[in-house]
Amino acid sequence: MIRAGIVGGTGYTGVELLRILASHSEVDVAVVTSRSDAGLRVDALYPSLRGSIDAIFSLPDEETLATCDVVFFATPNGTAMQMAEKLLARGVKVIDLSADFRIKNVKDWEKWYGMQHASPDLIAEAVYGLPEVNRAAIKTARLVACPGCYPTAVQLGFLPLIEQGLIDTDQLIADVKSGVSGAGRKAELATLMSETGESFKAYAVSGHRHLPEIRQGLEIAAGKSVGLTFVPHLTPMIRGIHATLYSQASADLQNIQTLYEKRYAQEHFVDVLPNGAHPDTRNVKGSNMCQIAVHQPQGGRTIVVLSVIDNLVKGAAGQAIQNMNLMFGLAEEHGLKIVALYP
Amino acid sequence: MIRAGIVGGTGYTGVELLRILASHSEVDVAVVTSRSDAGLRVDALYPSLRGSIDAIFSLPDEETLATCDVVFFATPNGTAMQMAEKLLARGVKVIDLSADFRIKNVKDWEKWYGMQHASPDLIAEAVYGLPEVNRAAIKTARLVACPGCYPTAVQLGFLPLIEQGLIDTDQLIADVKSGVSGAGRKAELATLMSETGESFKAYAVSGHRHLPEIRQGLEIAAGKSVGLTFVPHLTPMIRGIHATLYSQASADLQNIQTLYEKRYAQEHFVDVLPNGAHPDTRNVKGSNMCQIAVHQPQGGRTIVVLSVIDNLVKGAAGQAIQNMNLMFGLAEEHGLKIVALYP
Amino acid sequence: MIRAGIVGGTGYTGVELLRILASHSEVDVAVVTSRSDAGLRVDALYPSLRGSIDAIFSLPDEETLATCDVVFFATPNGTAMQMAEKLLARGVKVIDLSADFRIKNVKDWEKWYGMQHASPDLIAEAVYGLPEVNRAAIKTARLVACPGCYPTAVQLGFLPLIEQGLIDTDQLIADVKSGVSGAGRKAELATLMSETGESFKAYAVSGHRHLPEIRQGLEIAAGKSVGLTFVPHLTPMIRGIHATLYSQASADLQNIQTLYEKRYAQEHFVDVLPNGAHPDTRNVKGSNMCQIAVHQPQGGRTIVVLSVIDNLVKGAAGQAIQNMNLMFGLAEEHGLKIVALYP
Amino acid sequence: MIRAGIVGGTGYTGVELLRILASHSEVDVAVVTSRSDAGLRVDALYPSLRGSIDAIFSLPDEETLATCDVVFFATPNGTAMQMAEKLLARGVKVIDLSADFRIKNVKDWEKWYGMQHASPDLIAEAVYGLPEVNRAAIKTARLVACPGCYPTAVQLGFLPLIEQGLIDTDQLIADVKSGVSGAGRKAELATLMSETGESFKAYAVSGHRHLPEIRQGLEIAAGKSVGLTFVPHLTPMIRGIHATLYSQASADLQNIQTLYEKRYAQEHFVDVLPNGAHPDTRNVKGSNMCQIAVHQPQGGRTIVVLSVIDNLVKGAAGQAIQNMNLMFGLAEEHGLKIVALYP
């Protein structure tokens, strides 16, 4: 059994880790920390976990966490970078669901996240936890930086075209729509039901923190710099991300459908839908799948890729557990064969 | 392996059976029928099942269904009663999710359902599939009539008080709220999102088909006739039932909380919340749990019981599988330890 | 022109006052105060008001407010009672949308609201602003206490039966469902979309602040004490209240439908639906109407009344303006003939 | 008083015409037709109109309609083209909310709408009813073809840039999101709440009927052919359209903000938000406004325009009444100064 700790167990990614790990036969959730709710039973805060998780929130404590084989950070940005080094030094593997180790360029990170990085030396070692790109490195990593939710949906959608050099990478457009759980479990006016229900809007058009992360991933695939316009939108639903990706074919394309099917043929969690399909976020709700469809409207040069995930699963907790499975030599899909909740 | 067939696999209870059975290690879904979609892959209609269910809708055919160990009817009312007898005669166990065998009084059934019963002789044999009441009979049954969604939530909420004779059974009130998936997967104006979203209403106040079913169950528990007012409401959400139950204590009550905890102490799928709690339908979404809380506002004689289920799981497909587990000698909770999807 | 001030213009009842007053031909909104947003244009906070309201939030200031003919308090409880006396002394009429002057029994008020009343002498003078009951008194009032949203829906639903002495007033049950805007515009976890969307729950079953207010109104109508169980519920929608009211007929009732139609025949804002109807909150969304239907299921002694309002209009801002019209000798419906927004 | 008729009064655009016209002081709604509901009171079908509209659905009849000054067609495509000629011949002005007269190229229309045009001669005469482009022609028109909902939001968003020749019109991208009321009031599986609630998807990526209409409008403005990729999406809300428009600046742009403000300075119903704003569909809910914001992310060449409308108002009924006001010499905003319903 893998002894797991979760730092920051009171947010949506924390409780989603608990939901999935409750059914994972190789993991024992030994420690769940929360500064605000220490002493409280986990299932008192989350009655959905009654009967499944028998744990009490504790204060985050290095000694206790060091008894774990792996520690997940489901914390706000800026926490994992304070604690990761000490845990790694004591032989604990660290899986960070926050943004602390995602960006390789420290200055870039510090600009977008507005704070000084506490552990810049670890950035180089951290492996970006997108298994469909970095599987081999993840298997041997001590520290994995899980991708953001938007970056997961956008990269999986664009990668096949970029890796094959088939599109003009100067003018990529990612128009992405997210459910409100992506904003986290924080008391804020902007995410009240009265403020977000029955309404739709774009936000952060001038620049969102996931922009440099997506660009970094696409540039690695392209082997050169790319031009990306990324517009996130808030959708009146709780879970789900839908990325609509636009690019211009740089040459005559024969069969994009086949290209995508081949690229992801061996992937457990990327599912290329039949030609002409329109993925619906409901079909991945609660599951770790990314469903993708590719289109060339009216046979023109514009390629439209549609990519959907559940932001809390493949965009956060599920992908983190997928990484854990790889790091501990388990089958990658172990505990993750969850059928989406429809309707 | 249990070889299972599903008649009427295109409705919400059908696809919910498929979702849960896909992860049930002792069941092989061998046959899924649909008159309207025969020939189509199941996962073409329900992309949420891609990778989990490898089946093709077939026409309902006695020969094929007779090869199954158990057949679930997830059909509109009036279908199971046409086919059950033949399947039973060939040794197939039948679990009916429709209303065909729920009401013991044939005339009553025919009045409320507006058709002649095709198989009145089987009604007596059919076991009402509420395991918390009929567990022993279910284990040896050939034919199980699964309770309706409203009746499940209301009966589990009222039973402890009625069984102990603690309330006035002449004036029971069940004010119950349901998500729209209870109306089924049918093209109807009334359940369009534009008609039901962001709005709330009661319906069928003059009389709903679940009224005689609930009354029958409560009368068996009471050992006498009961007076029940049942008002169903349509709530702008997809899944979930919340029953608010009102009754008058017929004597000084010492500790209702303990009464409920004892009554359901051995039950896997009925969870009595701590004193003062307010169950939330979200905490049972996708799970087979019924969560219950009991209140005596201002210490008066009025007892308020709150009871929540997922109408498609404990109110339909989950309870059907719970019954199947009992009928086949499996652990009652096998394949049903599903953690609710929160948020 | 009536010169109007609004204290607390940043909450949902404040902005709803602004929406309606923007189209009221006899009112000039001269002052809108907000401690948190003073100096900001009102339409910068509420872009829905661009082109309709040309005002800037100011700090609440007695001198400025004293220039108004009427001041609306759309503030949290505890504010109006601090300022009302001074404004009244300067000849300003005061319409309070908060709870400060609703309860005649000061001790009762202080118990339920958890603070000492700052202006107990004014309580007796304050007129409870339910025009369907207190029209004459409102016309000459200096200080009107607008009813709460739940109390409006429940009283209008119960009054005809109680006034005529037709029901047993010892066992009244009000099962009421509200949209989330009733919780106000405050940054709180409990009303995040991720917490309230797609879910339904009861709350405050042990006792809600609107209980004594409803009881007070019903007792005045009954001329004696009444027994009331009031259970509020949170519904996953923004606007709307649906009250389902249960009572026992104390005698053979001939025609409740006619009773209701006669009681409200002269009322502009109470609409008794045809026999057998089920009012839907959507049909009063944005309007000042209360729609009511009455039922006697299966011809029994239990009477079920269904009463719906928009909690922000007839349950708050609309009713306040209805009161203002009466206080200033305008037609009661002036500026309030708003057609509900359907779908 | 203008005597108005509405053909097809049972759809969402029909009832929205009724909602707005009920408060329009210069219009008397004399005739409301419906084949399916003839003989029924309008407010029996739409209780939101009780007290506002006193009419009975009648069968569509030329004689009766000919008594009107203006007839609105709120019908499915293919109906207005059958009746318009006769009504025009009898001196009735016709405002068509369907697509029958929107496309100037008959062959194009017939290809996209899959039927033969019944009245091709009238197409040339019909004026495309986008007042912000065609005001003068609308004033003298006998027959106005109201724009579709998507085309309204997209054209108003793109026009200032295209009219000034500031962008590359070969690669326009319109990523547009609509509420479900755009699908109309039809019993269809795809728009059930259980199918569209809490989910998001694109549809008709290969080609949507509004594509040729949008392209036609943009080409007139550009004076040349344009390349447009249009991807519509279904959003889990009832009302609202949000267009996110992408284009490439063809030259250094000085001040797009000023360009937009100037272009729409005299327009009542197009509101350019301050620099950096993100329009939210809630802020135009129920109103006839189009709110627009312009962005140049990271100062690059990609211009992002955000444009929101209520699909049933500025995208249908409101714009139709705006056209009617122009055709009858009324103030363009008469009866249309409706404040959006927030929250």
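Labels A, B, C and D are assigned to the chains in the order they are written; within every chain, residues are numbered from 1.
Here, a contact is a pair of C-beta atoms (placed from the backbone, for glycine too) under 8 Å apart; a residue touches a chain by one contact, two chains touch by 3 or more.
It should be emphasised that the depicted structure is a prediction, and the values quoted were computed from it without experimental measurement.
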item	value
B-D against A-B, pair bridged by the larger set of C-beta contacts	A-B
Chain B-chain D separation of Cα centroids, rounded to whole Å	45
Centre distance in Å when chain A and chain B are each reduced to the mean of their C-alpha atoms	36
Where chain C touches two or more other chains at once, by residue number	12, 181, 185, 194-195, 197-198, 236-239, 279-280, 282, 285, 343
Category of the chain touch graph - line, ring, star, complete, other	complete
Partner chain D, residues of chain B touching it in the complex	12, 180-181, 183, 185-189, 191-198, 236-238
Residues on chain D engaged by chain C in the complex (per definition of touch)	12, 15, 19, 22-23, 46-52, 181, 185, 197-198, 238-239, 271, 273, 277, 279-280, 282-287, 289, 291, 337, 339-343
Residue numbers on chain C that touch chain B, as the complex places them	171, 173, 175, 177, 179, 194-195, 197-203, 205-207, 227, 229-231, 233, 235-240, 242, 244, 246, 248, 276, 278-282, 285, 295, 297-298, 300, 302, 304, 306, 308, 343
